[in-house]
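One chain, subunit A, appears in both complexes that follow, with subunit B as partner in the first and subunit C in the second.
Entry: the complex of A and B
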C-alpha cells in the first residue's frame, strides 16, 4: 500500500489529486497504526487475564472434582483442562475459546458466563448512562461558570464540592444515601432495580428497563424503575460531575486567556455570547475525550455501587463471583471491562479526528 | 559556604532578606530561596494548608494511637453494644461494644501502612521500568511501554480485584494487588524524564569514563527522576486509599477484627438502618484523609507547575 501511494505523485497530473492521495495515505497509515495498537492491547489483555488465571494458588483440577476423587479421574480432568500441554498451547486454547465467546460456566448460576454477562450488562449500561447524563448536565455548566468567575466564591465552591466528589468513597455515599433518602425520608426506592412486585414482569427487549417498561406500556413499572435508579445514578453522577467540571474549568480557562476572546469583547460582544458561542465550541472536542473517560470510570464505580444497591448489573455479578471464588466469572468480567476501556478510547480518538478540523 | 551566608545575613535585614535577596551568593542560598518561594506560594493557598494539616494529623493519629485512643480497640463488651456517640464513647460503639473512635485511631496505622507499602513497591518498580525503557530505547522501550499501556487499559480497582481473587484475600495481598496497579503511570513518567536527560553531556561523559548501562541508570538517571516520582505518588495517594477501602469493604482486604476503615464500614453496613454511626464514622474518616491527600497533591502541582493552575 505504501509503495502504491508513493508511486502516484510521480504519475499524478494535478496537484489536487496528489494532495488527495497524500491525505489518503496519511489516513491509511494512521488507521494501520491505530489497528496495530488496538491489536497489541487486546493481546496484552488476554495475556494478563490468562496469567492471573494461572496464578491461582489452588489446583484447578481439585476445584472441579473435589479432593477425594480417585487418581484416574484426576488425570482425566487434568488432560481435559489441557494442563498437560505446554503453556503457549494452553494460551492458544484460551484465546480461541474467548474469541468464540466461551468463558466457561459460572459456579453460582451454573449458566454459561457469556449468557450471564449478556443479561447483566444492560443493567449496568443503563445505570452508567443515566449517571453520565447527570455528570455532563451538571459538570459542564458548573465548569464553565467556575472558569468565567475564576477566583471568586463561586469558583471556590465548585472546586471544593468537586474535590469532595473526588475524595468520597462512592460506596459509602451510597450507604448514607440509602439511610437518609430511603430509610429516613422515603423519597426514593430502596435497593434493587425495580420494586419487588414488578420483578420479571417486563419481557426484556432492549435490556434497559426504563425503555422496556415504556415499550410494554407499563407506566407503573417505569416510575418504579425511575424511583430506584435515581439514587445510585446521582451518586455515580456526582463523581462524574466532579471530574467533568474540573476538566471543563481548566479547558475553559485556557480558551478565555486567548487573544480572540479579548478581540471579541473589545468588538462589543456580550460576555455570555463570547463564552458560549466563541470559547465553548473550541473545548467541545476535548470534552468528548473527557466524557468517554468518565463513562469508562463509571464502570469501575459500578462495581461497588451496584453491590451497595443490590443492582443486578455486571459489578454485582463480578463481586458475587469473586466472593464465591469463581475465576471464570472474574476473568470474563475483567476482560469485558478492559475491552470496554479500549473501545471507548478508540471511539473518543475517532470522534476527536472527526470533530476537530485541526487534526485533518 | 551556606553557614557563612547565614551568619552574615542578619546584618542585612534578617533571614527573610537573605531568602529574598536579588543577588545569590551560594548554591545553598539559591536552593533555600527556591524552597522558600515555593512554600510562600503553597502557604498562601488556604486549601493547601488544610490538606497538609489533614495529612499531618493522620500521621500523628497513627503514631500516637495508643495515647489518643480512649479505649482498647479490640475490647468487647456486649452490654455496651451499639451505643450512639456520647461523652464516654465519642463516636459511639459497634456491634460488639468496641469503641469506634479508638478503632479509627488504630485504623489510621493500617491506612498509613497501606499507603507507604504501596508507594515503596510501586515507585521503585515504576522507576526501574521507566528508566530502563527510556535509556535503552529500541525494542526494550517498545515492549515495556506496551506492557504499561495494557495495564493502563484496566481501571485500577478491577485489576486489583482480579489479582486479589487469584492471590487470595488479606491485607498483604491487597497491598500487593494495589501496588501492581499503581506502577504503570510512574513508569510512564520516569521514561519521559529519562528521555530528556539521556542525551545530556554528563551522561556521555560518564559513559566515556567506562560506566556500565546499569551504573548509568541507577547512579545518574534515577536520582534525576526521583523528585517527580515522589510528587506523582503523593497525587495518587487518595486513589490508593479509596481502592484499599473498596477492597476492605468487599471483604477482600484486611479481615475482621482488624480496625481497617473499609472493613469497619463493611460490618457497619448490616446495622446502618438502626445505628447509622457504625458505617458513617469510618466513611467520614476515609473521606477526610482522601480529601487531605487530594488538596495536598493539588497544591503541590500548583507550586511546581504554576501554569497548570
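Entry: the complex of A and C
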C-alpha cells in the first residue's frame, strides 16, 4: 500500500535525500489530508448543531432581559444577538468569529465562553482523569482475573459487581456515597471542589486544583481537594471499572482459548506468566480503544454526577447553555467534545503503532 | 498473627485520623456566613438588569438604595442614602436630601449626580426594571427633566401625576433605586449594538460599584459568590466579615452539608428534607411569606377558556387546603387573590381564600357554560417545584369533570416566550410584585393598556392573557390616585372580588421563603421582599 520509492533499496546520498524528501512530502500530504478531514468534521459538527439548535423553540432573549421587559427592549436585544438575520448569515458570522478565536459571550455567565471553558473543562478533565485511573486500575485486573477463573465464584462476583456499577444510576450512587462516606462516616469531603476554608485561596494556573495547590505550595488545600474529588471520581470510576472489566474479560477469554496459550502451558510456563506476559499483551490494542472511549465519555462531563457533587464542570455548563438556548455555549462545547474525540482517536492510533508489532 | 494485628491497629489509627480531620473541618468559619444555594440563575450584577431572586438578594446586601425598607416590616420606609425627602404641594415633585460625607468603596463621594445618573440609566437601558419607573410616568425621553441633581446633595424627581407618596416612594427601595459610583463605572462604559452607550452595563455584569455593607469580591458562575464586609460602613460594621454562597443544586446534598455543619443555611430544600430539618434538634427553619403568587393563567382568546363560567369551574378543581397540608406544607399558603397577603389592600383571609376542591360545583359551572361533556386543553409549565406537582394535581381533578388536560413541560425561557407571544391555552406560572401594595399587581395582572395583538404589551400579564375589560382598567387607574388610604383599600377589595370571578388567572398559592439553618446562626432576618445578611451573628 505504502509502496513507491521506499520499497526499492537505493544507494547513494543523493538518492537518500530524494527518498527523504519524498517521505517528507508524503507525510506532509498525509498530515494535510488528516487536518482537512478534521476541519471538515468539525465544520459539519458545528453546522448540524447550529441548525438543530436554532430550530429548538428556545428564546435566549428572555434570559437576558427578564420576563417583564417591554417589547422595545426585547426587539433591541433580539437584534443585538443577531437573531433577526437569516440562519445561514448567523452561522457565517459565528464561524467567522470562531476562526478569529472569538467564541462570543455566554448569556448564562456573562463571561466570554472561552474563559468559561478554561474554567469548567479543566475541572472535568481533573475528575475524569482520576476516575479513569481508578477505572483502569481496578477494571483491568478484575477483568483478567474473571477470565482466568471463568465460571467460578470469583467470575460471578466480578460480573455482578460490574453489572451493578454499569446499571445503577450515578446520580443515586452519588447520593448514597454522600450519605455514607460524607455524612455518616465523615471520611470524604462534601459537594464542591474544596472545603469552604480554602475557597478563593488558590489562583488558578492550570485550572487543575490538585496541581495548582501543589504549585502554590499549599498542601492543606491539596488534601482538601483530594478529599473532595475522591468520592465523585470513585463513583464515575466505578462505572468505567464495570465497563472496562467486562471488556477485558471477553478479550482475555478469546486469547486464553488460543493454541499458543496451551502451547505455552504445555512448555511448562506458570499460569501467571502465560496470562500476564503472553496473553495480556495481545489484548492491549483492543483495550486501548475501550479505555480511550471510556475516557472520552467521562470528558464529555457527567451532568448528574456534577450536579450531585456541585462540581463546576463541563457537563453542567453545556446543559445549562442548552436549556437557556445559548448557542455560543452549545457550539463551543460541541467543538470541544468533537476535538476531544479526535484527539483521543489520534492518541489511540499512536498507541496501536507502539503496541502492535505488525504496524511497526 | 502479630502482623495482622499491626495492620489492623494501623488501619484503625488511620481511620481515626481521617475521621478527626473530617470532624475538625466541618465547622464553618466563625466570622463567615456560608450558604448552599442553586445560583445558576445569576446572569449579571447590574442592578438595572437583574431580574431574579438570587442576584436581587446579593445586590441588596451590597448596594444601599435612597430609601430603606425596615428589616422587620417591608411596608415601613426608613431613610437610606437620602436622609430626608419632601413632596411639593402639587404632589408631583419629590426632593431628596442625600446624607453628607458618604463615600463609595472606591473613595469617591456619594453625590446627587451619581443618583441622577443611576436612575436615568435604568430608564435608558430599558430592561424589565425600567418598568418600575415608567409605570409612574417617568420615561427615557423625558428623563433629563424628570430626574435632576439640583446640587451635590439634592435630587429632584418629577412625576406627571400626584401619586400617593406612600405608593410612589417604594420605587426607591429596590434595586432600581441604588446609587452607583458613576466615576468608578464611567471608564468602563461601552457601546451597545445600536451605537448607544451601555452605561456600564457590560462591566457591571461582573462587578459592583456602590455603597453598601458588603462588596462583591468574587462571582464564579455556577460555583461561588463571595462578599466581603466593607470597612467603615456608614451604618457601622456588620457582624459577619464574609458571606460565601456555594452553588449546590441538589436538595439532598444541601441537607447533608447542613447536618454536618459545612454550611450555615440551605436554600433549596424540598419538602422531605425540610421535614428532616424540622425534626433535627441542631437545625431550625426560618420562614417568611413572600409576595410571589402561583397561578394558572388562561388565554381569553381561546374559544372555551374565554368563558367566565369555564374558568369558575376550573377554580374548583384545585384542593388548596389539601395541598397546603402536603406538597406545599413548607413552601406556600393557599390564596386566591392577585393582592398577596401582607400587601396594602389585601383582602382579609376569609375573603382572599374562597375556593376549595368541589367537583360538583365545577360540573355545575361547566354545564352552565355549555361544556357539560368537557373538552381538551393544553397546560404548559416549567420544571421547577411546585409546577409539575400542581399541574398534575389539576390534571387529575379536571379529568373527573371531563376536562382532558394535556400537560406540556418546558424550560422557563420557552415558557415566558410563549406567554409573551400569546401562544398558549393554560399556563402554570409565578409572579412577584415589586412592592407591597395592591397597585403593583393591579397594574400588571388587571390593567391592560392596549389589547391589540400588534401592541405587544408583553410586560402586562393581562395583555398576555388577552384580558381587557373597561371597568377594571378604569378602577385600577382610579385607585392609584386616591390619597385617602381607607377609600383606596375599599376599591382594591372590590376589584379583587370581581377579578376572582372574571379574571383570567386562577391563583392558588403564595410562596413561603423557607430558610433551613443551623442553631448557631442567630438574628438572621428576612421578610417578604428582602433577605438581610447584615444582622446575622454566630
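We adopt the following convention: the second predicted complex is superposed on the first by the 272 of 360 C-alpha atoms of A that agree within 3 Å, B and C clash if a C-alpha of one lies under 4 Å from a C-alpha of the other, contacts with A are read in each partner's own complex, and residues count from 1 in each chain.
Just so it is clear, contacts are C-beta pairs under 8 Å (C-beta built on N, C-alpha and C of every residue); 3 or more make two chains touch, one makes a residue touch a chain.
For clarity, every value in this text was computed on a predicted model and none was experimentally measured.
After overlaying the two complexes on the shared chain, residue contacts for A:183 are found with subunit B and with subunit C alike. Of the two partner chains placed by the overlay, neither subunit B nor subunit C lies in contact with A:28. By the document's definition of touching, neither partner reaches A:104: not subunit B, not subunit C.
Contacts of A:207 after superposition on the shared chain: neither subunit B nor subunit C is touched. When the shared chain is aligned, subunit B and subunit C each come close enough to touch A:323.
In the superposition on chain A, A:172 makes contact with subunit B only, while subunit C stays out of contact range. When the two structures are aligned on the shared chain, A:310 is found in touch with subunit C, with no touch to subunit B.
Contacts of subunit A with subunit B, set against its contacts with subunit C after fitting on chain A, overlap at residues 57, 175, 178-179, 183, 307-308, 323, 325. Residues of subunit A touching subunit C in their complex: 57-74, 76, 79-80, 106-111, 116, 119, 175, 178-179, 182-183, 185-192, 195-197, 199-200, 224, 227, 307-310, 312, 316-317, 320, 323-325.
Within the complex formed with subunit A, the residues of subunit B that make contact are 47, 146-147, 149-151, 153-159, 161-168, 238, 242, 245-246, 249-252, 262, 265, 269, 272-273, 276, 279-280, 283, 286-287, 290-291, 294-295, 298, 308. The part of subunit A that touches subunit B in the complex is made up of residues 37, 40-41, 44-45, 47-49, 52-53, 55-57, 159-160, 163-164, 166-169, 171-172, 175-176, 178-179, 183, 250, 296-297, 299-300, 303-304, 307-308, 318-319, 322-323, 325, 327, 330-331, 333-334, 337-338, 341-342, 345.
Touching subunit A in their complex are the following residues of subunit C: 15, 18-19, 22-23, 25-26, 28-29, 32, 34, 36, 40, 43-44, 49-52, 125-131, 134, 192-194, 205-206, 217-218, 220-224, 226, 244, 246-250, 252-253, 256-257, 259-260, 262-263, 410-411, 413-414, 416-418, 420, 444, 456-459.
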